[in-house]
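These are the structures in question, set out in turn.
After this come two complexes, each holding chain A, first together with chain B and then together with chain C.
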Partner chain A sequence: MATNLEFITETEVTSAVTSFDFDNIFSEDYDVYQIIFRNFNYGNNANWISLRFLDISGSVISTANYDYASLQMKAQTTFTEYRGTGATQLPYGIYTNNNQGYGSVLTVYNPYDSGSYTFTAQQDSVFINTVNLYGHKNIGVLKIAGTHRGINLDTRNTNTFNSGNIQVYGVK
Partner chain B sequence: MAGSLIKIDEEIVTSAVASVDLGGTKWDSSYDVYMVKFSNVTATTDNTILYARVLKSDNTADSTANYDRALKILRTDTTFTNLGQTNQTEFGIEIIGTATGESANGIFYLFNFNNASEYNFCTTEMSNFDNASKLIAGQGGFVHTVSQVSKGLQFFISSSTIANGIFTLYGLKK
Partner chain C sequence: MADDLKYGYKGAEPTQSFGNNTGVFDPNDINNLIADNKWTSFGQLELIETQTVSGVASVEFTNLKTDIYNVHFMTMSDYVPTTYGKIIKVQLAESGTYETASVYQFAEQYNGLSAGSASFGETKSTGTNSFNCFAQQTTTNGTNDSWNGYCYLYNLGDSSKYSFSTYQTSSTFVNSVQYYSVFGSSVLPQASQVDKIKIFSASGNITNASISLYGIRYS
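For the complex of A and B:
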């Protein structure tokens, strides 16, 4: 019996980059996607990174059309809330020192539907030596009814992604 | 290799309907856990609430006052809120509207629906744009506090109709 969680593609970060596109991962074949992020390592300790979508031409959408709400859950101190409207990116919670563990699942709704906004829901768990366990529950929206074919990740500074794996699944 | 997420039922709404039943006569009781996906759900009338109820073994929605919910409401306009309620007649998903982009999207997991001696549980993860064009979503879940076999979910909108949306039910195969 065929599965309805279908592996589409994956990419591997193998050299130091501050930003990269993962293009042509969305199509008219699916309305909902689940994207797995794992094994990320950085040139230095990282802060939050930027997640943006690619338009139908493959260009990064950096206009002020992103809204987000994020609950940061920390094992040893008070939880923190973040929210914003009209932002130029979705903050994505890949916080980590190196080699201490990180995992995240990002659900994307309607990215290829030109008639609807693109929504996200994301959760992650990360361990940082000096801070202990962090987790995030994030929601986001790109307020452009357009066809979006991929994502862009950016450290927002001179820090680099040194390694990392991203797997994309379509929920058929 | 055999798959593990098996589609059981899908309902695609492109014109107004009073409700959407996922499962019911199409329910397959061979799974322990089920996943429900819905996307781009819109209402015909502005400022109306999208709800869900469990479908009983006779394939009708259970409207008795036995729904409890506990949610952390993530939102862009103000401090996140805790929403807890007991003995409701349905599970409230979101207030939705008719302006551009206003829609509901989410993934639920269903537990114990084939167990006559346990309550029906549901975890929820959503990302919605409400009737005020505000990003908002309840993360948490609900329980239907009746020990009974259930056969899926019914989605409906109070005093209005569902205008659009894709609703899909899956079984998680061992």
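For the complex of A and C:
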């Protein structure tokens, strides 16, 4: 019996889109997931994107049921805290508009368990031209005890994702 | 794939990929599919190497297998330095030569507890000579003190990307009367292929440590 990370699926952003779903990545097979984000190129240097979950039918959950707390760690200046309750999304710190890379691991707990909330923990590292290193440590919760089968990423404006890789692993 | 099936029948070969292997496989088939990264075998956190050391100047990982892995995971347990109060340094090598200049950047949050009193703060730099994986904080060698943590490393083998890390540590401090945790991010802001990692103390040797490097398959 495997006791390890188990690769589930992956996707790659290859064309400019403002929003996309990564559907059918959660199932009853795992309680905990590790999702790796790499090398996102995003057309806005100073704004965060939204992370939402997809419900059992694949629809984006955009109701005011998200709580979050975030620490933005900057190599060149004072850190900044962000927090919110009753938000309509979780903030996700993909802040890069260059091709120099990006790395992040998002851990998701109980997304497919209809009897519990869905919790997240995320940490990332990104370099922004003329600004230097940004790191983020985020925690979040979707306060809906429901079965969630995927995620949605949205730039929240007309800027687009131009590239990026996502791999999903189940934790056994 | 096996060249021929019984009774002279030979059908169209199905496409083989992770999670989608179809057919009857003999050992050679399986070996070939493994070599082509197309055989379904769970367990994608793959140990590259563990080094358990005592009384050494540094620990080096020289086979990162960056042709296989885009993301690495490194753990450290029971790190104790010979010299009290020195930070753990990590440096990356490009084309075999370690980058020792103050070109690395990091930003990290520390969370401390001593005698019931908590302390929190931020540490950061846009020009340091260490690529942080286990925090840029002083370590100690008192009774039962040790430094422990984990780190993700991104894009080490990609010559067109910068190399990044995210990390978290948990440690005892000053004869175990203080507790300390740190989380943070670091970058070597140079588009280069990294081929070695070195971990060492800012001064003195490493009394003992166990450090493991893993690759995350399909990353």
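Observations on the structure shown:
Heads up, the rule we're going with is that the second predicted complex is superposed on the first by the 165 of 172 C-alpha atoms of A that agree within 3 Å, B and C clash if a C-alpha of one lies under 4 Å from a C-alpha of the other, contacts with A are read in each partner's own complex, and residues count from 1 in each chain.
Note that in this section a contact is a pair of C-beta atoms (placed from the backbone, for glycine too) under 8 Å apart; a residue touches a chain by one contact, two chains touch by 3 or more.
Since this is a predicted model, take the numbers as computed values, not measurements.
When both complexes are superposed on chain A, chain B and chain C end up clashing with one another. In the superposition on chain A, contact of A:L71 is made with both chain B and chain C. Looking at the shared chain after the overlay, A:N39 reaches chain C, while chain B stays out of its contact range. When the two complexes are overlaid on their common chain A, residue A:Y117 makes contact with chain B while staying clear of chain C. By the touch criterion defined above, A:V126 reaches chain C but does not reach chain B. When the shared chain is aligned, no partner comes close enough to touch A:D21: not chain B, not chain C.
In the superposition on chain A, contact of A:L5 is made with both chain B and chain C. Look at A:R83: by the touch rule set out above, it reaches chain B but stays clear of chain C. Of the two partner chains placed by superposition, only chain B is touched by A:T107; chain C is not. Within the superposed three-chain model, A:Y134 lies in touch with chain C and out of touch with chain B [touch as defined at top]. In the superposition on chain A, the residues of chain A contacted by chain B and by chain C overlap at 2-5, 71, 123, 137, 172.
By the touch criterion stated above, chain C contacts chain A in their complex at residues 18-19, 42-45, 70-71, 105-109, 122, 124-126, 152-155, 158, 160-166, 168, 183-187, 189, 191, 216-219. Against chain C, in their complex, chain A makes its touches with residues 2-7, 9-10, 36, 38-39, 71, 73-76, 78-79, 99-105, 123-127, 132-137, 165, 167, 169, 172. Across the complex, chain A meets chain B through its residues 1-5, 31-32, 67-71, 81, 83-85, 107, 109-110, 113, 116-117, 119-121, 123, 137-141, 143, 145, 171-172. Considering their complex, residues 2-7, 37, 39-40, 72, 74-77, 79-80, 100-101, 103, 105-107, 125-129, 134-137, 139, 166, 168, 170, 173 of chain B touch chain A.
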